[in-house]
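What follows is a group of structures, each given as structure tokens.
In what comes next, chain A is part of two complexes: it sits with chain B in the first one and with chain C in the second one.
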Partner chain A sequence: MSADARDDIAARRTRAALRNPTARRRAHLVNLLATIVMSAAALLLVVVLFAVIFILLRAGLPAISWTFLTTGGTFFEEGGGIAPQIFVSLYMLVLSLLITTPLGVGAAIYLAEYAKPSRLTSAIRFSTEALSSVPSVVFGVFGAVVFLSYFQFGFSILSGALTLTLLNLPLMVRISEDAIRSVPASYREASLALGGTQWETIRKAVLPSAVPGIVTAMVLTGGRIIGETAPLILTTGTTISPNAQYSLNPLATGETLAVHIWVLKIVGVPGLTDANSVANGAAAVLLIMVLLLNIGAALFTSRLERRLRGTSGAPRASRRKKE
Partner chain B sequence: MVRKSIWAQSLFFSTAALLVISTAALVLFIGGNGLQVFRYISPATFFLAPTWDQNTDTFGILPLLYGSIMTTLITLIISAPLAIAVAFFMVEVASPPVRRVLRSTVELFASLPSVIYGFLGLIIVVPWVREALHVGLGKGILAASIVLIFMVQPTIVSIAEDAIRSLPESLREGALAVGATRWQMIWRVLLPAARSGIITAVILGIGRAIGETMAVQMVIGNITSRIPANLGTGATTMPAAIVTQYPETTSAAHRSALIMVAFMLLLITFALITIVRIATNRQPGAPSASRKARQHIAAPIQQQGLTEGANPQNLHDDESAAFDQMRSGA
Partner chain C sequence: MRSAPLPTAEQMPIASTDSEQEIMLQFENASLFYGAFRAVKDLNLPIKARSITAIIGPSGCGKSTLLRSINRMNDRVSGFRVAGRLMFDGENIYDTSIDSVELRRRIGMVFQKPNPFPQSIYSNVAFGPQLYERMPKKQLDDLVEASLRAAALWDDVKDKLHQSALGLSGGQQQRLCIARAIATQPEMLLMDEPCSALDPISTLKIEELMLELKRNYTIVIVTHNMQQASRASDTAVMMTMDDDRSGYVVEVSATEQLFTNPQNPITEAYVTGRFG
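Up next, the complex of A and B:
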């Protein structure tokens, strides 16, 4: 049978099928079913998210009080709090961001403003991609091998902060690079035309406009630092020295709030009689901190976008192309 | 001519180079320390012994590998279709406000710390598996998979959504113009066209599931000494074993065995991103996926028939029944 004849038969059959009311009704039925299934899948996600938040808050809110947030754990009596763990979490957040931000923004400036296509540039890009997909526990093992044993920092907040820096650098670089690239080319051209060096251009024309994007990157990174657990168990440890609970010594051991939840639920703290209620409260506090950081980042980004749309004369399409 | 300041450039270059150095150091330190394990036990023991027992210094990776593979497999079988359905819903069905709600939902899922997932798994999923499904004591591979199903959603949904959204509008117009229903358009035209993007999404989901540590560790029971008898008895995965045992290692053999497990995780991750690179690099040249998609759409228009466009690979029982009927002229 020739191809033409086959096509002819196929076309005739299809036309017949399209006229066939049973087939069309069936196609529409399947379409309806599929739409229902897809909607149900989407609805499931939304419902589960709300259930998660509801369950965490219902279990945790009764445990939260001013004392809970401002005192340490008490042993052999109820009513202890999580203040030392919150302190370590915030200290970790600040210390790790202090290291991550300059390194990440520096690398982002290089990639956005200086890098030319070369084997080295693609090695940098590949490394960023590779680092961003390595499981966090592998960074924990790396931190334990390098910072604890090799550099002899021991279980310490510094070891944890350095480990988290490696973990978060790719995210920081990616968002900052996007922010720097989206600064209109006209800013650079104006600065260069006035005789500025490339460094002056970056410092005075490009970076100030990229600051909001960089802040967004910092907030998102902060959310990850607050919630990260596995690498910290291996690098900062699971205890806080009882006589230096609010120590700023970076070489002290620490236990962040997220690690504390794990310790309470899995390892157990001898003598802590209300461990379950403390864990519920701690989980709710952690959830609220992470939600606030993410909502903050989202609001910031949307305000930023509105501002950029409103004032920037240069359309986004004019952003500098990759050389 | 742009005047350059050498010191500024070299400063920024060194921060960027730090990324390369970190990656190299990661491979060297973990690989170097991990491979030491073969000074204490033979590769045959490490890869083939069905037990991981620190009391007898026997470190066979099979129980860890079994747990990792099983949790990932069960997770993906449920999670991938669910996530792809949500992605199609977001692009093709949802109105803009609904889509915004879904996008925020997915972002919030992504931002929940894994210890929170583990906490919820412990207070909800584990008792449910024990009491409603009667599978063992509850802690095990099944509980871990249920938690992971929701943890990998953000990864798969967001990447698949991007892939579907970036398909040319002409594909949709063409499908609808020949009278296809929305589902026929999705199943026969968009799904094959977005295939490489969706495969990328699923592979990255695999990476997420295989590397997840805390949420799994909290609900899987952490029994490393044997391969579990069923999905509800204590088991372990590679990351869970590391985080459980590493802080309390006493022997050098045990420590290097755990580092070796981390090295294998690292290699698996690199293998996965290499696959993704190959899958995505092939796309712009318009071979496999997109060309097939164009055939799908071109055939009906030119021939007024869907016969040539039908790709037996994509035919699936119920959903394509309508197309089958059209074809056979029943």
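Up next, the complex of A and C:
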């Protein structure tokens, strides 16, 4: 650049007013507007959440009582309790997570740590993506064909848990893989340089840091297990046999709380005049269960991170930082 | 599996004072490749035991590639291969029957950025030893203490062994990484610009520590810091690269000679700051 050109540029310099600037008024206005719009969107989210909680609890809380939570209802009497359905929901949650988590985390470890880019891995990724957009009722039909008819599990908690596993695996794999990939490469190098094998490195240096992400995957999966209806109606059923209540037999038929709400609201139960209020109570209980699941997981991960990160004052911002 | 009684910092073996220094590692006509690209060529480089060898040279000349070939960390990079031989303990470490995992146990490494695990200080140091053997808690405690003492970190951390390593300062974290590497009782320590992320005071501490450690360990350090190379090494290796971007060794000399009386004009230009 010649000295002339430099002088030329310097000569064009304008001094922006630092107080009440009039230049770029439009940019400042748009900036203000953007701040307002983004804050409003975030606020709306919170409002919606609290509205859902408020409305469901207001409708449902009057129906909830100790008896409601601890006894089973009958089809012919008022004031039906939902204890057996809560039990089935929790059993379904545990059983399905027990199947989904090892499978999903295993596949995620393979994809993140072992797989080299190849046709096989892109096929796996494509199937994962494709599976995650299949409607859940289609999984129900599939589960009915495979688990009920072919494997002869019949309408059972096991058939439902396996069907939900298929439904949830893509989510589980995707989030776990992300969690594993976001563990800094420097941890892997440190472990390998100390003479760790690949598996020791994964187990001792990588997975501990991926646990919070894997727990998040379990919570999202758990929410879907508790909340799904369509696939379960087709694979687990809509009734609990009175002589198989609170049964741990995975081949027993069952009815989760969510399915129970669907039955009460949509199918209707002849002669049961308070079906609506039972359904509202059940919905409130379902909501509380999901909230507890989320809060429990959040407490667990924050405690874990505190332990991993050291003092509570440790900066969180550095957590996601890669290498 | 070695299960010799563990030496404490004070009891660790003292180097022999022979003037004929033993060679710990030797590159023999070695070239290092990434796929078709020859990153470093025609290496004939002996690394003396129980001394500090500094590798200097401009960015991109293959210093880190050379360093990481010594403990086969580059095996993870697809397409990496070695022609020629790299002799350690009478074996070519790139022989197909060599177990790279066992090799890395004997050749420790300290990285550019301190990389402690997000675990307690104690678990960090115990990480390596616990991979190889189950030892009684007392024995492990002693090994952790000896390693931390050897890395001049014991007094800083003895009251908070079970707190997270991430609470330490950058310099302390790097010394913890050195303690972690020492805990597996390696023969060599490879250091890849270990001070580039540290302030001058922490850097000096690491250099003092290196001078202590060379009594028992063979240290190879890659550094961009000329003062560091001249202060804290016995032998200096000057590297640069050819027109085809292939790195090669220009000059190997006793550090003092390389800095005060370089034999090669490239070295002279580099150490006086006129190139690189």
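What we mean here is this: the second predicted complex is superposed on the first by the 229 of 323 C-alpha atoms of A that agree within 3 Å, B and C clash if a C-alpha of one lies under 4 Å from a C-alpha of the other, contacts with A are read in each partner's own complex, and residues count from 1 in each chain.
In this text, a contact is a pair of C-beta atoms (placed from the backbone, for glycine too) under 8 Å apart; a residue touches a chain by one contact, two chains touch by 3 or more.
All values derive from a computational prediction rather than experimental measurement.
Asker: Now for A:Thr197: first (chain B), second (chain C), both, or neither, which partner does it touch?
Answerer: The answer is both, since A:Thr197 touches chain B and chain C.
Asker: Name the contact category of A:Phe142: first (chain B only), second (chain C only), both, or neither.
Answerer: first
Asker: Once the structures are superposed on A, label A:Ile288 by its partner contacts, choosing first (chain B), second (chain C), both or neither.
Answerer: neither
Asker: Taking the superposition as given, does A:Trp262 touch the first partner, chain B, the second, chain C, both, or neither?
Answerer: First partner only.
Asker: If you stack the two complexes on chain A, which partner ends up touching A:Ser209: first (chain B), second (chain C), both, or neither?
Answerer: In the superposed model, A:Ser209 contacts chain C only, not chain B.
Asker: According to the stated criteria, A:Leu90 is in contact with first (chain B), second (chain C), both, or neither; which is it?
Answerer: Once the two structures are laid over each other on A, A:Leu90 reaches no partner at all.
Asker: So, A:Tyr187: does it touch chain B (first), chain C (second), both, or neither?
Answerer: second
Asker: Counting touched residues of chain A, say whether chain B or chain C comes out ahead.
Answerer: On the superposition, B touches more of the residues of chain A.
Asker: Show me the chain A residues, by the header's touch rule, that chain B contacts in one structure and chain C contacts in the other.
Answerer: 192, 197
Asker: Which residues, counting only chain A, touch chain B once they are in their complex?
Answerer: 7, 10-18, 20, 22-23, 26-28, 30-31, 34-35, 37-39, 41-42, 44-46, 48-49, 52, 55-56, 59, 102-104, 106-107, 109-111, 113-115, 120, 123-124, 126-131, 133-142, 144-146, 150, 166, 169-170, 173, 192, 197-199, 202, 223, 226-230, 233-234, 237-238, 258-259, 261-262, 265-266, 279, 283, 286-287, 290-291, 293-294, 298
Asker: Report the residues of chain A in contact with chain C in the complex, numbered from low to high.
Answerer: 116, 184, 186-187, 189-197, 200, 204-205, 208-209, 307-311, 314, 323
Asker: Write out the stretch or stretches of chain B touching chain A in their complex.
Answerer: It comes out as residues 2-5, 8-9, 11-20, 22-23, 25-26, 29-30, 33, 82, 85-86, 88-90, 93-94, 98, 101-102, 104-109, 111-116, 118-120, 122-124, 150, 153, 179, 181-184, 186-187, 204, 207, 210-214, 217-218, 239, 242-243, 246-247, 258-259, 262, 265-266, 269-270, 272-273, 300, 303-308, 318-319, 321-323, 325-330.
Asker: Considering the complex alone, what residue numbers of chain C touch chain A?
Answerer: 71, 73, 76, 78, 101-102, 104-105, 108-109, 111, 113, 115-119, 127-128, 131-132, 163-167, 177, 180-181, 184
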